[in-house]
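First the structure, in the form of structure tokens, and then the observations on it.
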Amino acid sequence: MSYAVRTSTFEGPFDLLLHLILRQEVDIWDVSLSELVDGYIEVIERMDHVDLEVATEFLLIAATLVELKARRLLPGIASIELDEELLRFEERDLLLARLLECKTFQDAAKIVAQRLERGGRSVARRAGPEEPFRSLAPDPLGRTSLEAFTAAAGRALAPREDPVVSMHHVAPIRISVRDAVEVILLRLPDQGPITFRELVAGIDERLEVIVRFLACLELYKQGHVELEQIDNFGELVVSRCDDPPDPVLDSVSLDDWGEEPGSPETDDTETDDAETDGTETGAFALDAPLELSAEGADGEVRV
Amino acid sequence: MNGRSNETRRAVEAVIMAAIEPVEPSMLAQLIEIPTDDVEALCAELAEEYERSDRGFVLARVAGGYRFQTHPDLAPYVERFVLEGQNTRLSGPSLETLAIVAYKQPVSRAQLGAIRGVNAESTLNTLIQRGYVAEVGHDPGPGQAILYGTTSTFLEQMGFDSLDELPSLAEFIPDASVVEALERGLHLRPDPEPPHAEAIELDASTD
Amino acid sequence: MNGRSNETRRAVEAVIMAAIEPVEPSMLAQLIEIPTDDVEALCAELAEEYERSDRGFVLARVAGGYRFQTHPDLAPYVERFVLEGQNTRLSGPSLETLAIVAYKQPVSRAQLGAIRGVNAESTLNTLIQRGYVAEVGHDPGPGQAILYGTTSTFLEQMGFDSLDELPSLAEFIPDASVVEALERGLHLRPDPEPPHAEAIELDASTD
């Protein structure tokens, strides 16, 4: 039974980001992203082995950051429209929310640690009853049916589901924005709003949620839905527009999200590739603001 | 108190001494044929009595019942005796995962991964191995993901009577200054100037 | 007696409370770093003190050591508790560990942990304590790990004449479709090469 020994202080990109920001060692937007990447790679190199999940998740975040940053560098940003700006805030808020959640549980874990430490200083009496009481107790196994025993054997000796290595970031997610758009249009009530939460109910694949979110943005851009979020972190409410400017979906714009992911290309191993890929496909065109992260979701960011 | 006989008190001590797990007050009440409230009062008295007479053990209320356990002061002696560093500390990441399970239970691996971000797998396995976390059921939704929750071993180790004793999560939500610092770190400047600009603006105000 | 500190007395109480088997005076002497004679005197004092203050438990000297046990007066309560109270059934995890030992014996703790994945340590101890499982030998390999197997008590209680009567394992090993579904759960694709070395190991575990 060997456990991975953690040699680093940071367990993942959120821990690292949290640390960097709170120490004010870095302003994400002023530091060159490569510095952040370098810092992270250094951390990863100090680990005994590269944790696939850590590394890939970091690439996803890095891709999002690159995208946010690049958009700010684009000429003509001053003329950006209000809704564009709101979208950027929403994206920022998602990141912020995750950082806050991360921090919250880090602090809660400290209390748990304290309590466990205190609790560990006492040892419970486990000797149980002495004879003759001990043999008086009915033998629990004698009350166990053969069925219960074999059922337990089946549970214990079945191949376990547990050792799943999550490869979500590696294997391309099959759902595309185009698919998600269709799903959303099907699920949207004809009238009245629905919360984004309801739209993604039952999905626990994070990237699938993201793709669905991107699909909402796409529909919003094309004037098919209205989005409303009253408070920071509040519910995002989606409702169908009665008269979309063009009842037919703009297929070209949908294509900007990338084709259905086919067989994965093989060699996108460098972080730089995330940047290059994005630029090449016109990821930063204002009409497809979240392309890069979508590409990440669709499997182009891989280790 | 005089209302209760000496024998009642002694019976409570004997039964808890014979037990392997914490004994629920209702079980004691049934065995000794006194109201559950009296059991609770009696146990509180006993605990106080042991403390007062400076015993090396305490009567603790954990995981919904009463049990005898060693006084925390004497950990150095007991640890030498109860071999094998059974109490090797959990790593930071394991503790965080444990905190998430404790507060969010029942929770699936996927949900854990979404919050914890990384390494939820291996830390969860460590916690299961320790007996702090166990399968508690299946998600009724499609996929029937296994759901995890904390065990009574966890409660016993924490010295908690029930999960209600977990401090409210609200206590740990970062305060305004942290939120601000994070927002500053993530700020988006709506100004058209290149990022070399000196001014650090908090454009959260444009919300 | 005044010569001995309060802490020494408390340490003796704590260690005996934490022990499962009677604690030998020499062991106490070594732990607390006092002469064995002092331990004996101290324990005699403690026993007397409990008797005097009319506790429901006694400090008994049995099998060459000291342990807490219930006061003989209270036998009726303890009997009822033992008969009706806790531990009348084996817990799910204990039963599962027992099943693994039964089918895979002789088996080491490490092997058990690898199959069981969870909390094998403490459930195995429970099973040993109950007499269903015992040491049956040592691994000839390096490390000489202790190997465990089931006992005749196990056979008796299950109503088996011999281990041959254990139902065939094939009856409850999930069929191919389940294994396949599990593999699908790994999100592995028929890629020419596996994405990560760990995945190979995991695959191997499904056989």
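A few remarks follow.
Letters A, B and C name the chains as they come in the text, with residue numbers starting at 1 for each one.
Everything below uses one rule, namely that a residue touches a chain if its C-beta (ideal position, glycine included) is under 8 Å from a C-beta of that chain, and two chains touch if they have at least 3 such contacts.
Keep in mind it's a predicted model, so treat the numbers as computed, not measured.
Of all chains shown, B has the CA centroid lying nearest to the centroid of every protein CA atom. Note on interfaces A-C and A-B: more C-beta pairs are in contact across A-B.
Averaged C-alpha coordinates put the centre of chain B at 23 Å from the centre of chain C. Mean C-alpha positions place chain A and chain C at a centre distance of 41 Å. With centres defined as mean CA coordinates, chain B is found 27 Å away from chain A.
Counting only residues that touch two or more partner chains, chain C has 14, 17-19, 68-70, 78, 81-82, 87, 113, 117. Shared interface positions of chain A, defined as residues touching 2 or more other chains, are 1, 123-130, 133, 161-162, 164-166. Partner chain A is touched in their complex by these residues of chain C: 14, 17-21, 60, 62, 67-70, 75, 78-79, 81-83, 87-90, 92, 95-100, 102-103, 110, 113-117, 130, 132, 154, 157-158, 167, 169, 171-174, 178-179, 182, 185-189, 195-196, 198-199, 202, 205-206. Residues of chain A that touch chain B in their complex: 1, 3-4, 6, 11-15, 18, 20-22, 24, 26-30, 51, 53-54, 57, 68-69, 72-73, 77-78, 80, 85, 88-89, 92, 95-96, 98-113, 115-130, 133, 161-162, 164-166, 202, 204-206, 232. Per the touch definition, chain B reaches chain C in the complex via residues 6-7, 9-15, 17-21, 23, 27, 31-32, 53-57, 68-71, 73-74, 77-78, 80-82, 125, 128-131, 134.
Put simply, chain A touches chain C in their complex at residues 1, 52, 123-130, 133-134, 136-144, 146, 148-168, 170-171.
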